[in-house]
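Below, subunit A partners subunit B and then partners subunit C, in two separate complexes.
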Partner chain A sequence: MNELRAQLREWRAAVQKRLPPWWSRALAGSLIALGIVLPFLFPSSSGFMNATIIAVTYAVMSLGLNVVVGFAGLLDLGYVAFYALGAYSLGWFGSGFFFKARVHVLVSPVASTLPGVHLNFILVLIGAAAICAAAGALIGLPTLRLRGDYIAIVTLAFGEIIGVVAVNGQSVHVGGGMTLTAGNLGISAVDAPYFPGIGSFNLLNLRPWYWLIFGILLVVLFVNLRLRDSRLGRAWVALREDEVAAVSMGIPIVRTKLLAYSIGAAFGGVSGAFFGSYYTEVNAGQFQFGFSIFILAMVIIGGLGSIWGAVVGGLALGYINNYLIPDVLNGLPGKFGLNFQLTQVEFGIFGFLLVIMMVLRPQGLIPERRRRLELTAEIVAEDAQLAEVPGTGGDAT
Partner chain B sequence: MSPVETPAPPAVAVLRAEHVTKKFGGLVAVNDVSVDVRQYSIVSLIGPNGAGKTTLFNMLTGLYRPTQGRILLGERDITRARPDVITRYGVARTFQNIRLFGAMTAVENVMIGHHTRMRAGLFGSILRPPWVRREERQTRARARELLAYVGLRKIAFDQLASQLPYGDQRRVEIARALAAGPRLLLLDEPTAGMNPRESEALTEFMRKMRDELQLTILLIEHDMKVVMGVSERVTVLDYGKKIAEGAPAEVRTDPLVIEAYLGRQE
Partner chain C sequence: MEGARCAPSTSIKLHQHAAPILHTGTVETRTISPSPPVAPLRRLAVVRRSVGRWGLIAALAALPIYYGISDLTHGYQAGFVAGHAVIHHDLSKLGFNFAAGLSNGAIWALIAIGYTLVYGIIELINFAHGDVFMIGSFTAVGLWGTLGLGLTTGALGVIGGLIVTLIITMIVTGSLNVLIERVGYRPLRGAPKLAPLITAVGFSFILQNVGLLWRGGSPQSVPDLIRAQQPAFTIAGVPILRGYILAFAVTVPLVFGLTWFINQSRAGRAMRATAQDPEAARLMGINVNATISLTFLLGGMLAGAAGLVYALYETNVWYFQGFEAGLIAFTAAVMGGIGNVRGAVLGGLIIGVIQSLADSRMGPQWTEAVVFGYLIAIMVLRPRGLLGEETREAG
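The block that comes next holds the complex of A and B.
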């Protein structure tokens, strides 16, 4: 097994040496190009397109959570809260929910005749990002004095609080007979994205939706890459590695940590607002604790702290959850004469995948460079040890 | 070891701790200690294990708040200042048990030391305008310079800190502290785990840093050869109290110090 690993490492090094220096840029360029033309390869409202849109949105969420958990090392188990807040931002500022108000900013001709607050979708996205960034800082504050598991517990509670507020918000009156949320009834008839000159999006043609979320993904990806290799990104890693040393080197803990929470939350809010519009409804039932874990699983499967890992993890679980299990393999148990459908056991499948992953590749699909260096070094050290101890090196492998 | 020449010290106290006390519950770790550190001097803090030396360091760098007393850096009261702010004012330190950022390379570690001297914030980092690029480039170059200055081999620059040999880790830690551009450098047992030759080299290096970088150095040290060789003044702590202070030769013969180290002779 160790020899096999060593051989694989050697091959990879050899391949990488032969590639021209611009290959990574070329690869990124062609992936982006592929991403842009992808919708033309499939019918405009197919199940696959639907799954792709959801998977890309997951990737955005995964990138957001990766900033908090991966970069800054703050285990956040309540990320669903930002999905919820983002979605409600749309419910509040892009629907007829506040029916007494009449605010219209750059919206479609149809929407501008309707009561309620209707802001242009881009404004809603910005608003969602701002609201979630503020909420992220708010949840960050009580965790500043905590470490490790205790942070997880506080964030977990925060996620639950937001969920409960979403359900019970229909009893919270904000004046004029209007309530804070619509609870499990849901805020429906939310605005679809509208751009002057392009028109309104609708669910008969999924391509514009895809391009929109793909564009958001590219922006979020860009921000992530820039932050990783910056003064701020280094400060996060330093805090993650050794808080005492970091603060002694002049890194302000409060500001640096809150920035991580806020940025991660803002990305969650943007994708939440998009989901709200795409699902045409903002319903308290969408924001379950399990979803926080689902996003966290994407980050971990991709490789904690790894930007490309977060994207791949989000896409992978997105496709498995929304395409592979329901559309492709759902009837599989029936073929073996078993009386259930695969969608009924999907959480079992995810759990199984996670266990397999942790056993075979604990560093994730695309590990972060630092962790890869660390793990490789550990393996090399282990190999060296094995070679030194007689009777374990040669015979056992 | 020849007696140390005192390089005509301007009588300015860079650091002054006045009647500093730190209590942890009922335990008095540091008890009414006053220390004066003059500019461009090298001062040692010695004492048996558990005497409160590191606790005093932690108060000087803001990790602990003193229960009583106050700490002045130049004219400025830093008694209640946050550690990162104190670093910005010009105090940097190393740790007794090396605390490098293991998952970062040697260069990145030193770049962290430069954090307070950089300006790029959130939007600067994302948009990366020319001045941010320049700042990054300069910081990286400065980090490499400093690593060379502390004598790290070139091949170790881009290795993970956790994989460097012990002596190199000590060097990186000093370079990281220097990157913060300190006026006052606090070294917590810098020669721990070193052999006599390495200790001597480090003694030389401390003087070199002091002269070339115009530093003031306060160090905790157990190796008496280093202490006697490098320091202009020595402060001795025992059970949290200052029991002696003065030139190395005076302190060495002080009966209280001998008692603290060797025990009372009946």
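The block that comes next holds the complex of A and C.
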């Protein structure tokens, strides 16, 4: 086993030596180009396009959670709260839900005749990001004194409370006969994104949706990459690795932690608003604890703290959840004579993936460099030994 | 190395702010830094500490006191007579809430002990624990079918059958918990703390889906073997239902047995030693892995017992009960001070009462939010819980 690993490392080093220095940029560029032309390869409203849009949105969420869990090391088990708040921002500011109000800002001609608050989709996205950033900071406040598992529990509790409020919001009146949420009935007929000159999106043609969320993904990805190497990003990593040392180096702990929560939450809010619009409904039933774990699974499977890992994890679980399990493998248990559908047990499958991943490859698919070192201390020691042997050359890590 | 990072310093690690200030005696402070600015800082810490303790107690007492006063002054609707609402002005409704809450809390206490034992020994929130409890319920209900227990079975048959069920269920859930530890947590002993937590969540989902496939997606009613909702007797106008007696009849001996085991037996001493310092325990010849397995076995057995009591008490089971119960019981364990068995029992009883008050006064749909609100309040006010200072002692 160890020999195999050493062999693999050697090959990797050899490959890396042959590649030109610009290969990673070229790879990123060609991936982006592939991402842009992808919709032309499939029918405009196929199941695969649908799965792709959802998977890309998951990737955005995964990137958001990665900021909190991966960069700053604050285990957040209530990320679904930001999905909920983002989706409700759309429900509140992009539908006829507040039927007494009449506010219209840059919306489609149809929507501008309807009652309710209708803001342009970009404004909704900004609003969702702002609301979630504030909520993120609010959730972060009580966890400042806590560590590890306790943070997980507080965030979990907040997520559950927001879920309960979403379900019971029908009985919370905000005046004029209007309620806070529509509970399990759902706020439906939310506005589709509309841009002057392009028109309104509809579900018959999924391509514009895809390009919109792909654009959001690129923006979020860019922000993430810049953040990681910024002063703030390094402060997060320092806090994650050793809080006491970081504080004694002069890192402002409150601001740094709250910013992690806020920024992570803002990305969640943006993708939540997108989901609300894409599903054409904001239903309290969507905001379950399982979803938080689902997003966490993406981050973990991708590799905690690794930006590309988060993207890969989000896409992978997105496709597994929305394409592989329901469309491809759903009848599989039936073929073995078992009386259930695979979609029934999807969370069990994710649970299984999580366990397998943690036991076999805790660093994730594309591990962050620093965490890989941390998790595979014995490999590092081995590497050091290898490095001492003359002729083997430098090692890959 | 990994062991040393793990258990020995919970209180310090968890309460970074409180710990150094709390442990600094007056004399010590003066000798270390004689400068005057120390005094306001210490006063602040004392204020913060007392706000923590009394704030938590005030928060806990707020609900019963509020509803007690409201019952006495405004009264409550006790029923209808000839189309008119009967308004009572006494505390018997509150008493009924308490009786229901305490007995429900006895079940949460059994589950909370499982959380607290595991946390005390390996500092892991065993997310799968609630689902082990659910599997316990399902196993128990399945066994009734196998043993032929039903509504027509005689009293002796029911009692005998239930004892057999209890023993088998406890063995099943205990072994399940040990198995989970062996497969999911032990390989990750050296990994960062996040890793076993995530496998725990993974196991939780796996068990939930096992339950889903076992008994379907909606609550299933089970035979009401003990007529749980019939009052056995009445104390001061508060009917005590048979289910309440059952909850205490199972919980109290188990809790005393467990306390005895931890405090008196050799294995219990090994558990306490491992909780205190796994590395030192290993050096003293304690088999740490076996001790951890034993802890999971005990936790799982208690969860199985709780599962049986829950099925008898609620007379329905469903696959999601474990998740809800797990969160509630974990809140209870945190409230009592995680790692502390007495704290878990106290927390379980308190959470039971809060839950029963919220159920009956605000509506069950808000209960979850109330319980979690309390969880956050505890975290803000007193993260180490009510009896948390004894963390290292209780195993």
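One rule holds in what follows: the second predicted complex is superposed on the first by the 375 of 397 C-alpha atoms of A that agree within 3 Å, B and C clash if a C-alpha of one lies under 4 Å from a C-alpha of the other, contacts with A are read in each partner's own complex, and residues count from 1 in each chain.
The definition used in the following text is that a contact is a pair of C-beta atoms (placed from the backbone, for glycine too) under 8 Å apart; a residue touches a chain by one contact, two chains touch by 3 or more.
Because the structure is a prediction, the values reported are computed rather than measured.
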Looking at the overlay, what does A:M249 touch: subunit B (first), subunit C (second), both, or neither? first
Q.
One more residue to check, A:V154. First (subunit B), second (subunit C), both or neither?
A. second
Q.
Per the contact definition in the header, classify A:T143: touching subunit B only (first), subunit C only (second), both, or neither.
A. second
Max touched-residue count on subunit A (subunit B vs subunit C) belongs to chain C
Under the stated touch criterion, which partner chain does A:G290 make contact with: subunit B (first), subunit C (second), both, or neither?
second
Quiz item: Is A:R25 contacted by the first partner subunit B, the second partner subunit C, both or neither?
Solution: neither
Query raised in the report: Once the shared chain is lined up, is A:V167 touching subunit B (first), subunit C (second), both, or neither of them?
Result: second
*Report for A:S230: first if it touches subunit B alone, second if subunit C alone, otherwise both or neither.*
first
| In the superposed arrangement, does A:R5 touch subunit B (first), subunit C (second), both or neither? | neither
Both subunit B and subunit C touch subunit A at residues 244, 374
In the complex, the residues of subunit A that touch subunit B are 223, 226-227, 230-235, 237-238, 240-242, 244-253, 259, 263, 370-371, 373-374, 377
Per the touch rule, the subunit B residues reaching subunit A in their complex are 61, 63, 82-85, 87-88, 92-93, 95, 99-104, 108, 111-113, 115-116, 118, 120-122, 124-128, 132, 135-136, 160, 162-163, 176-177, 180
Within their complex, subunit A touches subunit C through residues 75, 142-143, 145-150, 152-154, 156-158, 160-161, 164-165, 167-168, 243-244, 289-290, 293, 296, 300, 304, 340, 344-345, 347-348, 350-355, 358-359, 362, 374-375
Seen from subunit C, its contact residues with subunit A in the complex are 13-17, 119, 123-125, 183-184, 187-188, 191-199, 201-206, 208-210, 212-213, 217, 323, 327, 330-331, 334, 365-366, 368-369, 372-373, 375-376, 379-380, 383
